[in-house]
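Structures for review follow.
Both of the next two complexes hold subunit A, though its partner changes from subunit B to subunit C.
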Partner chain A sequence: MNRTSVRVFLSRAAGGYMFLATMLALMLLLVIASGLFVKAYPILKQSSLWSLLTGAVWAPIRGFFGFLPFISGTLWVTGIAIVLALPVSLLTGIYLSEYAPSSVRKIAFSALDILSGIPPVVYGAWGVLVVVPFIAEWVAPYFVEYSSGYSVLSAGIVLGIMIIPLLVSLFGEVFSTVPKEIRDSALSLGATSWQTTKKVVLKSSLPGIFAATVLAISRALGETIAVLMVCGNVVQIPASLLDAGYPLPALIANNYGEMASLPGYEAALMLAALILLGIVIVFNTLSRILLLRIGRKYALQP
Partner chain B sequence: MIATSLSSVLLREEVSAPLELLHAPNMDAATLKVRNLNVHIGEQSILRDVHVHIPSHKITCIIGPSGCGKSTLLKTFNRLLETQPGARITGELLLNGENIYREGVEVIDVRKRMGLLSQRPCPLPMSVYENIAFGCRLHGTRGRRKVMRKVVHYLQATGLWDEVRDRLHTPASRLSIGQQQRLCLARGLAVEPEIILADEATSALDPISSRIIEDLFLRLRQQYTIIMVTHTLSQAVRIADHVIFMYLGRVVEEGPASEVLHHPKHKLTQEYLSGSFS
Partner chain C sequence: MRLKLLEQKIFRILMIGASCLVLGVLLMIVYALLRRGLPALSWEMITTVPGGGFYLGKEGGLLNAIVGSLMIMAGATILSLALSVPVVMFLNLYLDKTSRLAYLVRLSFDVLLGVPSIVYGAFGFMVMVFLGLRASLTGGMIVVSLLIFPIMARAMDEVAAMFPKEMKEATLSLGATKFEMVRVVLRQIAPGIATACLLSVGRAIGDAAAVLFTAGYTDSIPTSPGQPAATLPLAIFFQLSSPVPQVQDRAYAAALILTIIVLVLSVLSRWFAHKYQKNKVS
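For the complex of A and B:
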């Protein structure tokens, strides 16, 4: 073989290898999903998926497996977390990238990196020590007769605090991709910093903000340990912020060890994992479609 | 060079009909005097002891080799340079006799008085219409009809109206590069400035679009003071009335175009014009 053909061969081989690696990574989703499906199959055989998803009764001893309390618990906690974290993170991100002097920016971003490195169990412990008593003593008495403080609100607060560092650094990243020239042209029209931020920076980073939020929500959906420490773990459909809840990840983590004893229990827990996976996939797909729409509307490159 | 300057004289005659303006043109407007201006970015000295006088209703071209501080000087005029981290600016910049770096001067008022055209066209992330309406609204034009009148007017002034009248509400990024640059000019004019700053505004454009912008400048000179950084000598020859030659952060020579471009006094200017360096 001459030199050229060796080089061409190596280039092709490298390309092929990388393609294989990519396929393997993509296959992983399929492998995980099908593994869960096989394990969850026994319970799916007994009752329809619809009745499982919408059933509100959870009584494994009697063979009732209704997942609605857990699904709604997950949605409540994640919803509260994102509603609390999004405005704070957005304003922090704007402040750090548009207003703060560069020294402040550097310190703040490294502090945020440390925050996102704190293990979830520490956030959970802090939630038990601070957030739960705060809710029980200072918030709940205004609304209900009694609340232990272990509630979807507490879980949402803890989870919200956990995703703030992630959101802020993602937003910082997004804003830094807005070209300086665009800011300059708004400023040279006589716009103030705030007008520039609002009409130009935020607008051109809309797809990025959206994508960052989706990523944070996906992370929040699966957060387990910190949430289960403060959410109360009561099987019910939460009717208010101060009710206890029982999200899907907590269900799996709390019961995984003892599942062998009851018929159908293992399959039910595997189905819980499959449902969680499904929620994340559906959510990501929907937001991807929405993102394309936004991009097309404003002719921005997402 | 003489041939180009002749054709530019002819061109000037053809296009010198002034544009009609919505706002009353300030006929003795906008002279700019720079006194003892020094700019540092971090530890580096970018501009040293700059003194220039920019006459009104003229096209002033700032020329010089890359990195000589042309664009920096331009950005001190509308105080955009101070948004750059680490920039220190000392000295005086008198806009009609008033120092715009004096304490208590509101930056946004200064910027409103000068429209900036950047090197690459930089439309805001909105529709063609909104690009112009944005500036109008910033400075207090209210009401759909009033805004629309201005938008149409400035699109006509920059010769864009016939090209974009059906596409007013499509994103500005869909226009061609040349159209985008004219849109940026229209957007700048719509805030009714006294001075137009152009930072190599034609360097990203094709020859025909560049010529359209140059022609616009020649017409706009009747109402505005135009200051333009250019890297293309032939462009300066075509349109400059007044020329500032800079080298390594200093102003080497300044004066009417006929003198600086055709009878330069300074040796550096002569060398630059003859193409010894660029």
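For the complex of A and C:
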């Protein structure tokens, strides 16, 4: 074999390896999903998915696996987080991309970078140190007789802070796709800068804002350790902000080590992981396709 | 007329207020961490492994967790590089910009990026049970490499996509094979790859959920890949649930250490990215 054919062979082999790696990467999601499904199958065979999702009784020893407490815990915590984080991030995002002078922008983006870099477990530790006592001593006494502070509200606050950097940076991206010319024409017609922001920038980025929010929700749904540390971990359907909750990721994290002994327990936990994965896949795909479309729509315009 | 100016003023105040709130929250977090963690932080904390009675507040440090975390990150980075470099090269050099397959792969990265780390952890543990592996350094590395793969691949993909087309054509016109072109491109985007690595390690080193079942926990520094390894996030988590105040203080000191490591990684990655911007051939 001469030198050239060695080089060509090497190139072909490398190409084949790269193709294989790409296929492997593409299959990863499928492998994870089907692996979880296979493990969750025993419990799905036993009772219907609907009755599992809407069952309120969680008693693994007696064979009752109702996911409603965990699903409602997840919804409470995520809901509070989004309600708290969305207005703050939207206002911050608008301010930073439309109004702020570049010096302020620099400081703010460094701060957001640091916030997004802080590990979840540190947020959890901070929540235990600051948020939980604050809720227990300053907020709860006005509403209930006693609360330990470990509640869906604490978890929502911590989680809300955690998703602010993501939301602000996504909003910034969305606003930057709005062409400058549209803004200029609104301003030249006599609109105030806020009217321009409201009626031109915000209105035309509504789909993007929606997509960004969906993405943040899917990130918030799966957050485990920070939420687990402050949410109280009581198996119940939370009736108020100050009740303890038990979200799905916390269920998996708290019980996975020792589950093997009880029949059906492992399958139930795997189903919890599968539910999380399913929601996240749907939400992510939706929002990413939407965001890509938005980017392309404006990119195509001259 | 008055009304629209009033509205503008109100929203301006609201926007500035929101921005200040974000900044304030960051300051609050930093202050709380420093106040609680700094007094407990000592040289002993980062240079010794836990001694007898460590979990009752006696002497010892967290070297086991620091070294364990770094070992897992190093292994995971290498594993993840081995998969993401070929994929990114394939996407950018072998496929067209309009390729369906490339779109699909990129979309799957985006979705993988959003998969919660607890799902990776649960899946990883399931596979380990299936293979008969115990919680160990290897297990942690594999699961963390799954976790950082999409982050790394996407960051690298962005850098590779900016690689000038003319340079690729020049390489090919000189008679290079596609594989030889890959080597040229790799050398050019090396700083970008370094940035991608630092970025993904910065995110993964603080993640507790992925290593919770897969890496285990131990008081000594692992000497072989089959042994369990302690990690910093779990050290924080476990120590915080202790009733002993000194141990809790140490959890905050560990949180401080972890945050510093993450910040250093983030500054480093930014520095690399900046340097790359300056040296870029275009």
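Definition applied: the second predicted complex is superposed on the first by the 253 of 302 C-alpha atoms of A that agree within 3 Å, B and C clash if a C-alpha of one lies under 4 Å from a C-alpha of the other, contacts with A are read in each partner's own complex, and residues count from 1 in each chain.
Note that a contact is a pair of C-beta atoms (placed from the backbone, for glycine too) under 8 Å apart; a residue touches a chain by one contact, two chains touch by 3 or more.
If you're wondering where the values come from, they're calculated on a predicted model, not measured in any experiment.
K.L.:
Looking at the overlay, does A:V280 come into contact with subunit B only (first), subunit C only (second), both, or neither?
P.N.:
second
K.L.:
Spot which of subunit B and subunit C makes contact with more residues of subunit A, would you?
P.N.:
For subunit A, the partner with the higher number of touched residues is C.
K.L.:
So, does A:I32 touch the first partner subunit B, the second partner subunit C, both, or neither?
P.N.:
Touch status of A:I32: second partner only.
K.L.:
With the two structures laid over each other on chain A, which partner does A:L159 touch: subunit B (first), subunit C (second), both, or neither?
P.N.:
In the superposition, A:L159 touches no partner, neither subunit B nor subunit C.
K.L.:
Touch check for A:E181: first (subunit B), second (subunit C), both, or neither?
P.N.:
After superposing on A, A:E181 lies in contact with subunit B but is clear of subunit C.
K.L.:
Taking the superposition as given, does A:T192 touch the first partner, subunit B, the second, subunit C, both, or neither?
P.N.:
both
K.L.:
Applying the touch criterion given at the start, work out whether A:L52 contacts subunit B, subunit C, both or neither, answering first, second, both or neither.
P.N.:
neither
K.L.:
Just checking: does A:L269 make contact with subunit B only, subunit C only, both, or neither of them? Give me first, second, both or neither.
P.N.:
After superposition on chain A, A:L269 lies in contact with subunit C alone.
K.L.:
Which parts of subunit A are in contact with subunit B and also with subunit C?
P.N.:
The overlap between the subunit B and subunit C interfaces on subunit A comprises residues 192, 195.
K.L.:
What does subunit B use to touch subunit A in their complex?
P.N.:
So the residues of subunit B touching subunit A come out as 78, 80, 83, 85, 108-109, 111-112, 114-116, 118, 120, 122, 124-126, 134-135, 138-139, 170-171, 173-174, 184, 187-188, 191, 197.
K.L.:
Under the definition above, what is the set of subunit A residues touching subunit B in their complex?
P.N.:
101-102, 179, 181-192, 195, 199-200, 203-204, 298-300
K.L.:
Along subunit A, where are the residues that touch subunit C in the complex?
P.N.:
Within the complex, subunit A touches subunit C at residues 7-8, 10-11, 14-15, 17-19, 21-22, 24-26, 28-29, 32, 35-36, 39, 87-89, 91-92, 94-96, 99-100, 104, 107-108, 111-115, 117-126, 128-130, 161, 164, 168, 192-195, 197, 215, 218-219, 221-225, 229, 249, 252-253, 256-257, 269-270, 273, 276-277, 280-281, 283-285, 288-289.
K.L.:
For subunit C, which residues count as touching subunit A in their complex?
P.N.:
Checking each residue of subunit C against subunit A gives 4-5, 7-8, 11-12, 14-19, 21-23, 25-26, 28-29, 32-33, 36, 83-84, 86-87, 89-91, 94, 101, 104-105, 107-123, 125-127, 146, 149, 153, 177-180, 182, 202-203, 205-209, 212-213, 233, 236-237, 240, 251-252, 255, 258-259, 262-263, 266.
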